[in-house]
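In the part that follows, the structures are each spelled out as structure tokens.
Each of the next two complexes has chain A plus one other chain: chain B in the first, chain C in the second.
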Partner chain A sequence: MSEEPILEVSNLQKFFPITSNSIFARVKGENKAVNGISFTLRRGETLGLVGESGCGKSTAGRTILKLYEPTSGAIRFNGEEITNYSTRKMKPLRTKMQIIFQDPYSSLNPRHSVGEIIGAAFTIHGLASIGGDGATGSSGRSATKRLVQDLMERVGLNPEHYNRYPHEFSGGQRQRIGIARALALKPEFIVCDEPVSALDVSIQAQVVNLLDDLKDDFGLSYLFIAHDLSVVQHISDRVAVMYLGKIVELAPTEEIYQRPHHPYTKALLSAIPIPDPVLESSREQIVLSGDLPSPANPPTGCVFNTRCWKAQPRCFSEEPVLQVVDKSEVACHYPE
Partner chain B sequence: MGVALSEITGQELPTAVVGRSPRELAWRRFRGNKTGIFTLVIAAFLILSTTFAPLLKSAFGLDPRARYNDLMNKQGFPTGGFNGISWAHPLGLEPGIGHDLLSRLLFGARTSFFVALVVTVATVGIGLIMGIIMGYFRGAVDSTLGRFIDFLLAFPAFFMIVALSLPMVQRLEATGLVEGNSARMTYLVIILIFFGWPYLARIMRSQVLSIRERDYIMAARALGASQRRIIFKEILPNLWTVVIVYLSLSLPGYLTAEAVFSFLGLGVQPPDATWGLLISDSIKYVISNPTYFFIPSLALILVVLTFNLLGDAVRDALDPRSEVS
Partner chain C sequence: MSFLEVNDLHVEFPTSDGLVKAVDGVTFAIERGETLAIVGESGSGKTVTNLALMGLLSKRAARISGSAVIKRGDEDVELIDLADEEMRQIRGKNVAMIFQDPMSSLHPYYSIGDQIIEAHQVHNDVDERVSKARAIELLDMVGIPDASERIKAFPHQFSGGMRQRVMIAMALVNSPELLIADEPTTALDVTVQAQILKLLRELQEELKMAIILITHDLGVVAGAADRVNVMYAGKIVESAPVRDLYANPLMPYTHGLLASIPRMDRRAGESGKRLSAIAGQPPSLIALPAGCAFVPRCTFSNRVSGGASRCESSMPALTEHVPGHFARCHLEGASL
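Moving on to the complex of A and B:
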């Protein structure tokens, strides 16, 4: 892992307009899905991004890839500022940054065969004759086919299933198809948007291990979005905890799991079950009261103040910024 | 080639595995469907026989204008019972005027099929394009087109078609391009298209709205796919099943619509024939000569049923999720 950053995100915001559903749509408010996040991803690193449902982690991943237009902030990829790039200008960069989706059912077009799905990358970028021998036409197609089948084999699929359709595969196999599609163009950076949360636990391990292997083979950097903390612990070098569109704690994996500094991180970690009935029964669990506030109308001051058991008057007036505590960065006025 | 390459690189290259192409699979599924094959044969027969009706006319002497008064009795009914069915006139004769019924049906089908086909293709084409535009681009385009569609659907279309018939046909004739029966046919085609496209557009819009939010569209964008590729390669293939079902309902629907408007006297007028005219004429003889009443009506039912079943079979064949036998 080098110190050279592959991705720098600073103060990124993504607001979705809330419109009234009448003939003349009016903007009534803004859903502040991602509300100013900053982090760096080093080359070859895996950064885990965790948080509960609706905290904006998926939106963050998609905005970084410019699948959503960022509202403000800056995204630098390999030192290149891509925040305001047009679709056309993004196209060459698409070969370097890819995404793996959560739902293996809606992420594959049911009308396309596996070969078409994985081979789409070559077609879109006009690389149908990437075979190396400058082949065009039908031999170019067979070169693409060979490449696709190579990829299928690499991710643990039977290359003979080239002409099969997504519905003929299981959830785990479908997720492997999605991984092969993301790998086709030999990217440097992949956003893994909850790649295992829709899978059975036994399949989860296989897919996580596959992602781990591929990382070394292809020299990838991952932004690994998940809500399963044990999966994140296994795969990540560093972990960022998100709450209501903001990063509340960012620390090396070991540090965050051993010494959480933010009360929210503490509450999250206390929810991990221990696979030992004796220890499990004595596990101290912090149960947060209340619901996640609406991202359209976040609380003033610290976003966590509505559910924090340690909240002081200062937490309601002054917004905490990320500051270094030990080896971690924490956005809390009273870190543990 | 694979062997040579692996010798050079010293690497084991996976040899390309030959499998069945999607088209081949669809054809296999279709072939396994008995109803599909059966209706395809009937549909092919109907289309060929109406297309080549003029050839049949010269080959078998099937003349829709010829009158066989020698085969009619004094009351104007064909002699010999059952509408005068014989080898020379397999479906008998028209009472009163004495035309050969088979040739009337064949030549009438040319008009009826032509109207139904043109209207169906045009409404499906316009509806599909409009629906995709509305569903994909949303926003102002969607609300403007949406209100126009509401306006068209709220219109009492049937009464408008009847009421506008005379002035519009006169205007069409005044252009000097069409006259008489062709003017009436043109009017019917135009007005049916005008009122017909919003239905499919509505269905397509809602389909596209749902499909464009799926992750595979996002994946295509992440790969750098153009808007054109997303619309034509990612969205369109998911619309075909609905379009085919709509087509198979729409074609017989417009066939019936043409019959209804001819029946009401708005379509083609004698001496040209259409199925609507034949049915309308045969109703007079429902008691006195029921064979004549049943023949054109059964022909219409047969065609409607054939296209419905054929549409179902094609849809099943194109669905990769259905079983290959």
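Moving on to the complex of A and C:
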């Protein structure tokens, strides 16, 4: 991993308008899905992005890839500010920035064969003939086929299944198809949006290991989104914890698990059941009370103040910003 | 005799692709006040086992055989092939079920109060006011704040975790002796899961009911179960008191499953970051092998006296290796 950043995100916001259901779709308010996040991803690094559903992880990932228009803030990729790039200006960058989705069932077109799904990227970007000197037609097609089959082999699929359709594959295999599709254009950066959340544990481990290997082989950098802190630990160099559209803690992986500083990180860690009945019965669990507030109407001051057991008056009046505590960055007035 | 005894239960679904052997000779028992977990990956037959017990499988789609005898007072009732009317008397009164998706038990158009009152009225010949008081009592017990007001609210007005509480209240309204909870926390975030698991523990202590907890999550099992049945391809492959199972798994599948869980209580990098995956996938239930269904994925079969070919050709019996600890494996004394 180098010190050179591949991605720099500063004060990124993405708000979704909330419209009333009437025919006069007036804007009633804003869902502050991503509400001012900043971080840097180094080349070759994996940054885990965790938090509970609805906290804005997917929106963050998609906004960074410019699949959503940012509301404000800045995104720099390889030093180039892309925040306001048009679709046309983004196109050459699309080969370098890819995404892998959570749901291996809905993210693959059921009417296309695996070969077509993985090969589509070459065709769209006019790269069908890598190694085939610009030829279209049958030599281009066979070059594509060879490339696709190499990729299939690399992600652990049988290359002979080139003509099969997604429904003929299991969940874990479909996720491999999604990974091959993302790798097709030799990207530098991949947003992995809960790539293993829908898979059974034994299969989850296969896919996590595969992603880890590919990272080294292809020189990738990952933003690895998950709601499951335990999965993230195995693949991330650093972890960012989100709550209601904000990053509340960002730290090296070991630090976050051994010395969580934000009360929310602490609660989140303690809520994960440990697969060991002896440890599980003896440890102290923090069970948070109440529900998550609405992102349309986040609390003033600290976003966590409605559920925090340490909250003081200052937590309700003044928003804590990320500050350095030991090896971590923490947005809390009274860090642990 | 135990409170519920299931003996050699088989459920088969004739389909156009062939006969799906979803439950293939399942035998287990549960005592009053005990929590029995059934764990296994998706498709292993956990849900179908319990739907069969509760008479909730369509007789046209499923062929069911075997026996399941439950105690009702001093009487023994055979559940398999029970007349619909009698089954309805047992369901919701002696045995209640909760599911992953609360909306499968809650009707979107009626207030939660009306639905809980109705569930009480069906089994009790009492004035509606009595049922209403009972509904409020239960909503209060499961931690719905301001229950006497919230009783008028509709399911969509609750968060996912709160809806799960409402469903639990409805399930418990007739003080069942057995609660079957099918993945009750799978759709919930970990902090909400922790709330619901705590609630179930407290309710069980208070009401002394037996719980069958179906889950794919060995973390959840560790903190919740007294005894665990591990299912693979329609069969119980291991059954043990919870601590024995985790400390000393005797069946290679259980062993592999435990090893493949990412553990956040283990220091990052400590065990080498790599997860230990189980290679391959579960078998098709249409073409089950003659012997052990796990053999294509098993890394221990070469240690069996007689070799892997014995595993392939002959089905091991569910054998008691240590008192109370059963495993379906040819390994001598199942030494893993």
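As a working rule, the second predicted complex is superposed on the first by the 332 of 336 C-alpha atoms of A that agree within 3 Å, B and C clash if a C-alpha of one lies under 4 Å from a C-alpha of the other, contacts with A are read in each partner's own complex, and residues count from 1 in each chain.
Methods note: a contact is a pair of C-beta atoms (placed from the backbone, for glycine too) under 8 Å apart; a residue touches a chain by one contact, two chains touch by 3 or more.
No experiment lies behind these values; they were computed from the predicted model shown.
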| item | value |
| --- | --- |
| Three-chain arrangement built on chain A, chain B and chain C clash or fit | fit |
| Partner chain(s) touched by A:Thr300 [first = chain B, second = chain C, both, neither] | neither |
| After the two structures are overlaid on chain A, angle v-u-w for chain B, chain A, chain C in degrees (C-alpha centres, nearest 10) | 80 |
| Chain B versus chain C as contact partner of A:Phe101, first or second or both or neither | first |
| Which superposed partner A:His125 touches (first chain B, second chain C, both, neither) | first |
| Which superposed partner A:Glu153 touches (first chain B, second chain C, both, neither) | first |
| Chain B versus chain C as contact partner of A:Leu268, first or second or both or neither | second |
| Partner chain in contact with A:Ser113 - chain B first, chain C second, else both or neither | first |
| Smallest separation of CA atoms, chain C relative to chain B, angstrom | 9 |
| Residue numbers on chain A that touch chain C, as the complex places them | 52-53, 170, 172-173, 200-206, 208-209, 212, 227-231, 233-235, 253-254, 257-258, 267-281, 285, 287-289, 291-292 |
| Residue ranges of chain B in contact with chain A within the complex | 1-2, 13-14, 16-17, 19-22, 25, 139, 143, 147, 214-216, 218-226, 229, 233-234, 237-238, 320-321 |
| Complex contact set, residues of chain A against chain B | 23-25, 62, 65, 67, 90-92, 94-95, 97-99, 101-103, 106-113, 120-121, 124-125, 139, 142, 145-146, 149-150, 153, 159-160, 162-165, 167, 178, 181, 185 |
| Residues on chain C engaged by chain A in the complex (per definition of touch) | 41-42, 159, 161-162, 189-195, 197-198, 216-223, 242-243, 246-247, 256-258, 260-265, 267-269, 273-279, 281 |
